[in-house]
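Here the chain labels run A, B, C and D in written order, and each chain numbers its own residues starting at 1.
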Amino acid sequence: MLNKEGIAKRIAQELKDGWYVNLGIGIPTLIANYVPDGLNVVFQSENGILGMGPFPFEGEEDADLINAGKQTITAMPGAAIFDSATSFAMIRGQHIQLTVLGAMEVADNGDIANWKIPGKMVKGMGGAMDLVASADNIIVAMMHTNRAGKSKLLSKCTLPLTGVNCVKKIVTNLAVLDVTPDGFKLIERAPGVSVEEIQNATAGRLIVEGDIPEMVV
Amino acid sequence: MNKVVGSVELAIEGIQNGMTLMLGGFGLCGIPENSISALVKSGVTGLTCISNNAGVDDFGLGLLLQKKQIKKMISSYVGENDEFERQMLSGELEVDLIPQGSLAARCQAGGAGVPAFFTPAGYGTEVAEGKEVRIFNGKPHILEAALTADFAIVKAWKGDRFGNLIFKGTARNFNPLMAMAGKITIAEVEELVEPGELDPNFIHTPGVFVQRIFEGKNYEKRIEQRTVRTKTN
Amino acid sequence: MLNKEGIAKRIAQELKDGWYVNLGIGIPTLIANYVPDGLNVVFQSENGILGMGPFPFEGEEDADLINAGKQTITAMPGAAIFDSATSFAMIRGQHIQLTVLGAMEVADNGDIANWKIPGKMVKGMGGAMDLVASADNIIVAMMHTNRAGKSKLLSKCTLPLTGVNCVKKIVTNLAVLDVTPDGFKLIERAPGVSVEEIQNATAGRLIVEGDIPEMVV
Amino acid sequence: MNKVVGSVELAIEGIQNGMTLMLGGFGLCGIPENSISALVKSGVTGLTCISNNAGVDDFGLGLLLQKKQIKKMISSYVGENDEFERQMLSGELEVDLIPQGSLAARCQAGGAGVPAFFTPAGYGTEVAEGKEVRIFNGKPHILEAALTADFAIVKAWKGDRFGNLIFKGTARNFNPLMAMAGKITIAEVEELVEPGELDPNFIHTPGVFVQRIFEGKNYEKRIEQRTVRTKTN
């Protein structure tokens, strides 16, 4: 089974040289720490920067340089800064090769819910609806089940949707799955996790074809 | 051509109860601190505020919320604010949540005389309720309307007497878009300079979009999430 | 009767302090030479500059600094340069207080035709359609009649339209006229021009109320 | 991340007969001179060119017209070009004339994933024929569709290896918009610099929009209308 860092590490293996990547808050943010050596990847933050670098050294924080999580950041050499409209032009216009974000629920048709729980305080969707509606390549990073032990991979989302038919791949603490027209297709098992455990933790349609390799993280 | 006003009080003159305001900023980054303080002092109430976020309890738009001067918020994300939550759950405060990219594009469209446009963001979600859906290139889109405001209030790094503005870092965010969309746009700047001091090639907001400008005082520029790394030897 | 310079001088009297103004090619361009002393007016050229200044001194021409007529220009202190989309955002969003352009025909309902003559080479509308469809305040600068002596102020345009119901005021070699719901309203006569001459040269509905003063240019 | 291509020939590789190109520039100001010359040499034909203007007889897109490599022009103004006029009147060349502001906005929309938007420009004229009309705030608008291209070719002043671009003066014009709207965007620059040399605050076109970049040679930068004044003592 993977922890959060493990999920981030596994997703980092999906990165390709030259990609522009938008990382959501939470597990996705950790991916920046695991970019394979020699790979040039540029991180976009939707509040208006391409070429986001690591956190600043203590004492070098700049209130005018934050990411979409409102954290102080740095800019890499070759960075570019722009307004929010230009930022979402990049996203909506499909100039960003990969979006990784968290989710509360994913359905086996690629629907995603990650912004609202009825009856609870709603904080808002931020940029998530634009990101999922626009990106060609969306990976969801999340735990396979919620705190109550219930599956987050469903046949139909129960929570208000963030986007429809958009998720392409899911990396959880248990598995890597592709979203296909026939449902979740199991691609890899997390270390030490059996196909049965994944089947038990998946409420939506799950396709298991042949031997499922254990992932190398 | 001199758009400089002598004080923040003069800058916000004419902002009346029930008006719609746009306020630049992302979180607490790039917010018009001086103007917000003056709005609090002015006691103006019943405001509709279009702003990506709603500040925190004791800073930014949170200060207006504390005094119950805001009737409605139009935002994309409003977490990190207990008073906001209380007013929203009690029904005192109306809240219209909009996808962040649509919010940015709707302000830009408002400033650019484009009354409506199609976007894929929000299709199939409650954001799309009541909105026209149309398919382009096989993909469903929804029709979103432009946003404008009685006053737009933005914060820039430097500006000149003609209203030309430049922003620093990610404090740019929504500011240039909202500057376009205000019937009257107020710009507060950290440094007011003479026309000619800003390179015409590198103006972020051309002065035509700005009606009033002043140099703000005592910027706190509070950091919401101070994240750092430590130097290793 | 006014010559082209006279028309420009008369229109310059309409300028107000602090206005942003877009001047079309031809007579409108001349207006920049007659801005009343003490008035601050900023000229926009739709190819992407606010704060257009006079032509450069010989030897100081910059191929990268032209106006929408493709003429070499200078930039005034406090100028701003931007892309074509931002430029037309200013125009469409009604941030420009006055647009002055030429016309082949104007109808008494404010329709304008100035871009195309069927059967002749069509050069294109450039920015004219955006300008007339957007501006709140449009003044047409033109001769009252065409080279064949026919009126250019008509009850209905005969040429393909550039815009509808948009012209607010017309300044010709003979007169100043407002476009009202009831037709062209005569405001001023050019020096030495009689009301009868203006009536004879105007094919559209013309309103003449009371004494019509002679303009002071 | 290195988008630099070693030659203009490599830059235009993949541009095939019948493709749609966007080319930046206003008149002869800010046009991709090196790329146009290479296209002429390449002999590629049947092109649809989206460009505000069509050059003059012996410069800019006029060079491609002379060789009859262009099938269709999408422009706002095409005067000052005899060969263009001849081909257009003879029916050899298709011409689609678009209001300049709509052309700019349609390119920007294409790059921004906005498939269509409403504009007042062209309502009541032949430009509106066949287009949806809708009234907003009492004013009729027409629905205009986004434009995209197989390749966009732009000319910048300086650019870095990541494709970040800055433009000089009014040579900016359509270049940043078209850079957004190309499936593949080629940037030729007067000066190629290293990442970090351009201030991140003052990038006109962020590198994400650019796929190939090279330093052009021997820019003529021809002036179409040389207008000057004389110094008086």
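The rule we apply is simple: a contact is a pair of C-beta atoms (placed from the backbone, for glycine too) under 8 Å apart; a residue touches a chain by one contact, two chains touch by 3 or more.
Just so you know, these numbers come straight off a predicted model, no measurement behind them.
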Chain located farthest away, centre of subunit B as origin (C-alpha): C
Cα-centroid distance, subunit C relative to subunit D, in whole angstrom: 28
Subunit B and subunit C, separation of their C-alpha mean positions in angstrom: 36
Subunit C residues counted as touching two or more neighbouring chains: 49, 75, 81-82, 85, 88, 91-92, 134
Subunit B, residues touching no fewer than two other chains: 105, 108, 112-114, 119-120, 168-169, 201
Pairwise touch network: line, ring, star, complete, or other: other
In contact (per the touch rule at the top): chain pairs: A-B, A-D, B-C, B-D, C-D
Subunit B to subunit A touching residues, read off their complex: 26-30, 52, 75-79, 85, 88-89, 95, 97, 99-105, 107-108, 119-127, 157, 168-177, 204, 221-231
Of subunit D, residues touching subunit A in the complex: 1-2, 108, 110-114, 160-162, 164, 180, 194-196, 198, 200-201, 203, 206-209
In the complex, subunit A residues that touch subunit B: 45-49, 54-73, 75, 81-85, 87-88, 91-92, 111, 121-130, 133-134, 160-165
Subunit B partner contacts - residues on subunit C that touch it in the complex: 17-18, 20, 40, 42, 44, 49-51, 75, 77-82, 85-86, 88-96, 134
Subunit B contact footprint on subunit D (complex, rising order): 105, 109, 112-120, 134, 136-137, 141, 166-169, 201-202
